[in-house]
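One chain, chain A, appears in both complexes that follow, with chain B as partner in the first and chain C in the second.
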Partner chain A sequence: MTVARETKTGTARPPFWRDVKVLRIVAQLVAGAGSVALLWYLGSNLTTNLTAQGISTDFGFLDQPAGVTVPGSDFRSSQPISDILVLGIKNTFALVIVGIPLLTILGTLIGIGRLSSNWLVRKAATAYVETLRNIPPLLVIIFTNTAVILASLPRIQEAWQPFDLFVLSNRELAVPWFTAGDGSGAYLGVLAAGVVASIAVWIWRTRQFDATGTPHHRFFWGTGVFLLFAVVGFFVIGNPYSLSRPELEGLVITGGISNISAYFAVLLALVIYTASHVAEIVRGSIQAVAKGQTEAANALALSSFQRLRFVVLPQAFRIAIPPLINQFLNFTKNSSLAIAIGYSEITLVVFQAIGNGQPAPQLIIILMGAYLLFSLSISLLINILNRRLQLVTN
Partner chain B sequence: MAVRTETASLRRPSPALRWVRENLFNNWYNSVLTVIFGALFIWVGFSLLRWVFFRAEWEIVRVNLTLFMVGRFPRDELARIWVSNYMIVGAIGLMAGAATASAAAAAKEAGLPFVQSKLQDLIQRFWPVLLLVAALLQFSRTWTPTIMTVGMVVIGVAARFAGLHLPRVIRRYAWVLVALLLIGAYGALVWFGGFGWDDWGGLHLTLFVTVAGIILAFPLGLLFALGRRSTLPLVRLLSVTYIEFIRGVPLITLLLMGAFALKFLLPPGMDLSLVSRLVVAIMLFTAAYVAENVRGGLQAVPKGQTEAGQALGLPAWKVMRLIVLPQALRAVIPAMVGQFISLFKDTSLLVVVGVFELLAVSSIANNQPEFLGKGLAEVTLPFVAVIYWVGAYTMSRESRRLEKKLGVGER
Partner chain C sequence: MIKRLLLLVVVLAMVATACGGDGAEEESTTTTAADGGSQVAAEGILKTVQDRGVLNCGVNQEVFGFGFVDADGNFVGFDIDYCKAVAAAVLGDADAVEYKALTAQQRFTALQSGEIDVLIRNTTWTATRDGGEGATFLTTTFYDGQGMMVNSDSGYTTLEDMANTTVCVQSGTTTELNLAARFESGGIPFTALTFDSNDELRPAFVAGQCDGWTSDKSQLAAFRSQNPPADGGPEAWTILDETFSKEPLGPLVRDGDSQWAQVVDWVVYATIQAEEFGLDSGNINSYSGDNAEIKRFLGQPNEEGTIFDPGLGLPTDFAVMVIDAVGNYEEIYNRNVGPDTALGLARGVNDLWTRGGLLYAPPYR
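So, the complex of A and B:
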């Protein structure tokens, strides 16, 4: 060490054009200046072109009336553009929140099916995965919309109305929904409190389990506490929400949520498409669990269900979580394909606004920003989760 | 115990019966599943066959076959496409032949046995493509495509033979010939009063956009991958920002940008055609994913390789160029095939911004007066799906084969 330091101080520094320290700084300066120059150039082109064509260069257009209606909602065309963008984001979320649990369950089942000891089940799962993985998701969406949902449902004159709860026809699809009454805000507060309480109970049960070894049953405790809050709150506040059923009067549907066939088509298509990718992840993760674990479970005489539930799957999911969340992100990004069949999520809303002559660059920046915000926050979540779930190995 | 084994061995079932028992009826719930799934298989298989051979009205595909293949490419200029295809097939054959010859030579030098792939293997590997081509030719109403396809096969085989028997000196420069042929294939469509991207369509356009997208994206992706692995913090930051930004947004937002906003970013007066702008958007999108693939390859190269290079006194760029990159890029080939597949599938999004690709043809065919309102999307969409499926499935199997051959993932 000392010798090295001495020789270093002893020799003269090389000329600056060969000095690594100087070169590093120069290279970074060049890269930084180049990027800034490129952005500045594009930006100046943008403002020049926009002003030349008389298009606004700021975000003031967001307050102008949107001029479009959204099927299946009470959105009025006189409401400002910012409102319709928010509605689009809400609709995207409506897809994601329902879709992710569904595709996880379906994908896990198929992934397990690919490793079944039953030859037929294995082949069926393989056929499912190999078929769906290799066709474009957009095609699946258009197909479910035109050939499955619209073609298999009856005309509105002879609509199916199972249990008087649904109205199913190829023009409109309607399901029951809640309408908010008095005190709905307070009820939402109670529900939030229920979530907090159930998390607290969950932690308490886990600590109890760690300390004494009594079975924690934290899932039942947590759900029970939440349900308690939900039920008690419902009766104490006095019907904060009521169920609104869709009813068919002539050719018009009132009540419930109607006009959601596009929603169902996108949901169905993306769930079955993404499930094929999830199945491969689940299969790979199960195979990545050390074989000794299965053998140990067999040696303990666990049933095949117990082996899967308590030994293999918990370890497999630890491996599967990063790629799984990646698939959830893909699902969210693919939800933009709903644009092709007219479900008003954020991309379609932006597309329509551009079609109405609103400035495209700003709208696309907002659109990308919305997706980016979502993706980056999920990425952050993955990193935190990964750090917590990583096995501690020395 | 002993008695039971004896009776079991006395009534040893035939191998087939044993297979059935072990794989289909090894316990009660598997037996139930077998019955359910067996019924499902029979029902699905039966309805599928009945639909394909009796129910489906293939007339719409027959009438519009040319539209599906080449879109609105002027009909009396279709010869250009055949010439271009011949050149591509010739290039592929030449490349395959030359590659086989060099591999055989290398194996001989190293004293290793060299197994040439047999025709039977090729059929096993590419059966979906062969079936698709047969189906497409069957849909055609004239003999021209069949004759032309046979011609393509002949040219391909001849080119492979030529590549195999090129003198060694010329073989080293076979890639120049291949590149010239590929440029010629593009030129046959565009030069001499030909037609640019915007007049192409159908499967032809889909394939060209995919190939162009991946070729254009590769250098950019390589740059960003190197940037992300750089020791310079600012360069790394810029690369990470770009990659994560692009990976965080759906392709369709970039296509919307290409269609509606890119023209504002270009200098005033400069104009690109719609398809060219969209290819730029696809390139920007794919580059981020290519960068991540290449980064994976770079990380797979052991650190000792770099250190050995440094110990030899090579400058940093030579270490990268001569030692790290060749190994990294080899490891990246399967992932790049995967990228190619996903881009191939993603080109279907071009229909949203009004490009005449396969899905657009499907909806146009359904709106023709003689087919309007007949619900024939049930025919055209599966037809398009099969085309995509054949391409993606074959390539994914090839990529898995390559992965095994290159020993990636086995360490």
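So, the complex of A and C:
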């Protein structure tokens, strides 16, 4: 039968208007052309109507002075709008880069807690997930801002300064940070060399383990080598970095690293909110690992930590990664809610500019482009990781 | 989030305006485009509003005295009264108004897209807004200026005292721009915390997150008067003397329909002219004098029995309907923001030109 069909298609193809192969390509082309035409039609309508109303449709406004300042930065109002947009993207990035690792760790811990054999831990984790997952993130942000920042922290005039290491107030929060001294560039070079060396040691230990079966302890070896470089380099170069403590002088915090309290309110709110979703993903992924795997680990007399660390979690994460990407993207997109409490991320900056008389359509397009950039970059990074972790099945 | 969504919808609506085939607004847009933007379309906003039977008025809902929702859920205030005045003149019914509460950031997009017919939302007239927002600013109804409010026990008496302070300001406002300009030119280091709405700004100011709250002085007076005793009452807050900007507030309409602009303009003039003539909501219906100017203004027939019609597209007795519904300028002012209200604002420059103020209506003839 297969042979018969092959000979049939081979000898006498149907006419092109009935040829599925041709029709498929034509359908694709028609759909594509239709979409382009629709977009072009809408775009030209927008341009015509805006021009008729005397509203500019170009991007020349980007060179105009922004006219406003940005809290937590030394942005001056005479700088152009393009600069303030870049600053907005940086501020969004500052949320994402700190938030995603935090929410992953917190979510994983709570997800594991959901499956704990300890009644209290299990119920507490369930309560956490069921509460936070069912509250809109905007409310969580407003709650952390009003209850945690505004109501719990003192004014900057009476800021808490525990151990003289931190400055905590409802206006700004500051923690100690490193300041570069002489030879800091050289020290960074030494640290980079340390990273290279520890990777080399890691690979060597892994090969050793594969060849002989002796325990590799590659984590301890790798960290040890890096720390060796870090410590020896520090003393050889002679204090390339020193710790700077934040100090409060009047209303100004000098030294350390500080940010406005709205940043911490948004960060805290979105981390605990998104972690509740991540916890469910982690729990589901752990339960999706075949029961036989756990039983096999028990049969090998692995401790419960070893069972989780070496058998269950590696397989669970493989299942968890695709839905995790969604949560990371949600975190990024929800960061736009920071506009409610005045953290100058990209959305606030764009709407500020629109309110100050700059054209809305162009700015909204820029805003959409910025979020697309964030989302696609995160997807790309995690998809690479995903591909590396996938089970090799050939 | 809702606000952002709304704005997006509005932008999309602008796109869709040209695709759809109904409504008179886009007809006017296309006609204007074809005529090079110089001519008024046959079917303007005035006709659209009259056909619809209701005026869409963009307003504030957060500023006591100007645009505010009272305990019964009604919009009240100085700006609201002007919405009613326009509705009374155009539709003969001061209550035929659909109020659209807008944030500072949404207002211009709402106006451009035709969601509202007129924007009366304490909006400052500036060159960029006139030029770039596709809006036409009309007669100023309230001459204001920017001020700074601080805690009474903070010890600040001038802006120069406020070095290194944090100032709360509503985003997308002229006050935000003036703040940066004033402090930077004065060499005063400061931080500006911007908020989407005053509802979120207020708790930040109360908690001491910012040292100062800057806005139009009338708005600051409004918020100060509404400070509850739990937060120390009005006395806990002080408005500094310095006024560091000009903030002429008034109604504005979309560019490209001069007939509609004239209608709104003359409604405002009517309230000013009525005060100048000494007419108010109490006596306007019973005027029986023989002052020719007043008779013309009220649309009463002259000796020959003819009624003056300036051709604004309004009923000849529109002034009577406006004053009957909301009163003259003085009544509107005193009812909402005047000395006997919680705001307690003196007339100041918002007085008739005959008394040394800035209010001046062109002759109605």
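Note that in this section the second predicted complex is superposed on the first by the 260 of 394 C-alpha atoms of A that agree within 3 Å, B and C clash if a C-alpha of one lies under 4 Å from a C-alpha of the other, contacts with A are read in each partner's own complex, and residues count from 1 in each chain.
What we mean here is this: a residue touches a chain if its C-beta (ideal position, glycine included) is under 8 Å from a C-beta of that chain, and two chains touch if they have at least 3 such contacts.
Keep in mind that this is a model prediction, so the values were computed, not measured.
Contacts of A:159 after superposition: neither chain B nor chain C is touched. Looking at the shared chain after the overlay, A:52 reaches both chain B and chain C. Looking at the shared chain after the overlay, A:270 reaches neither chain B nor chain C. In the superposition on chain A, A:42 contacts both chain B and chain C. Using the contact criterion defined above for the overlaid structures, shared-chain residue A:351 touches chain B and also reaches chain C. Once the two complexes are overlaid on the shared chain, A:319 sits clear of chain B and of chain C alike. Look at A:262: by the touch rule set out above, it reaches chain C but stays clear of chain B.
Of the two partner chains placed around the shared chain by superposition, chain B and chain C are both touched by A:364. In the superposition on chain A, contact of A:84 is made with neither chain B nor chain C.
In the superposition on chain A, the residues of chain A contacted by chain B and by chain C overlap at 42, 45-46, 48-50, 52, 138, 142, 146, 151, 336-337, 339-340, 347, 351, 354, 360-361, 364.
The touching residues of chain B, counted against chain A in their complex, run 23-24, 26, 30, 33-34, 37-38, 40-41, 231-235, 238, 244-245, 247-253, 256-257, 260-261, 263-268, 341, 345-346, 348-349, 351-352, 359, 375, 377-378, 381-382, 384-385, 388-389, 392-393, 396. Contacts from chain C toward chain A in the complex involve residues 1, 4, 7-8, 11, 14-15, 17-19, 26, 29-30, 32-33, 37, 104-105, 108-109, 112, 126, 128-129, 131-134, 164-166, 171-174, 176-177, 180-181, 184, 190-196, 200, 203-204, 207-211, 254-256.
Contact residues of chain A toward chain B in the complex are 24, 27-28, 31-32, 35, 42, 45-46, 48-50, 52, 116-121, 123-124, 130-131, 133-139, 142-143, 146-147, 151, 333-334, 336-337, 339-340, 347, 350-351, 354, 360-361, 364, 367-368, 371-372, 374-376, 379.
Those residues of chain A that touch chain C in the complex are listed here as 41-42, 45-46, 48-56, 61, 67-69, 71-72, 76-78, 138, 142, 146, 149-151, 155-157, 170-171, 250-252, 260-262, 336-337, 339-342, 344, 347-348, 351-352, 354-361, 364.
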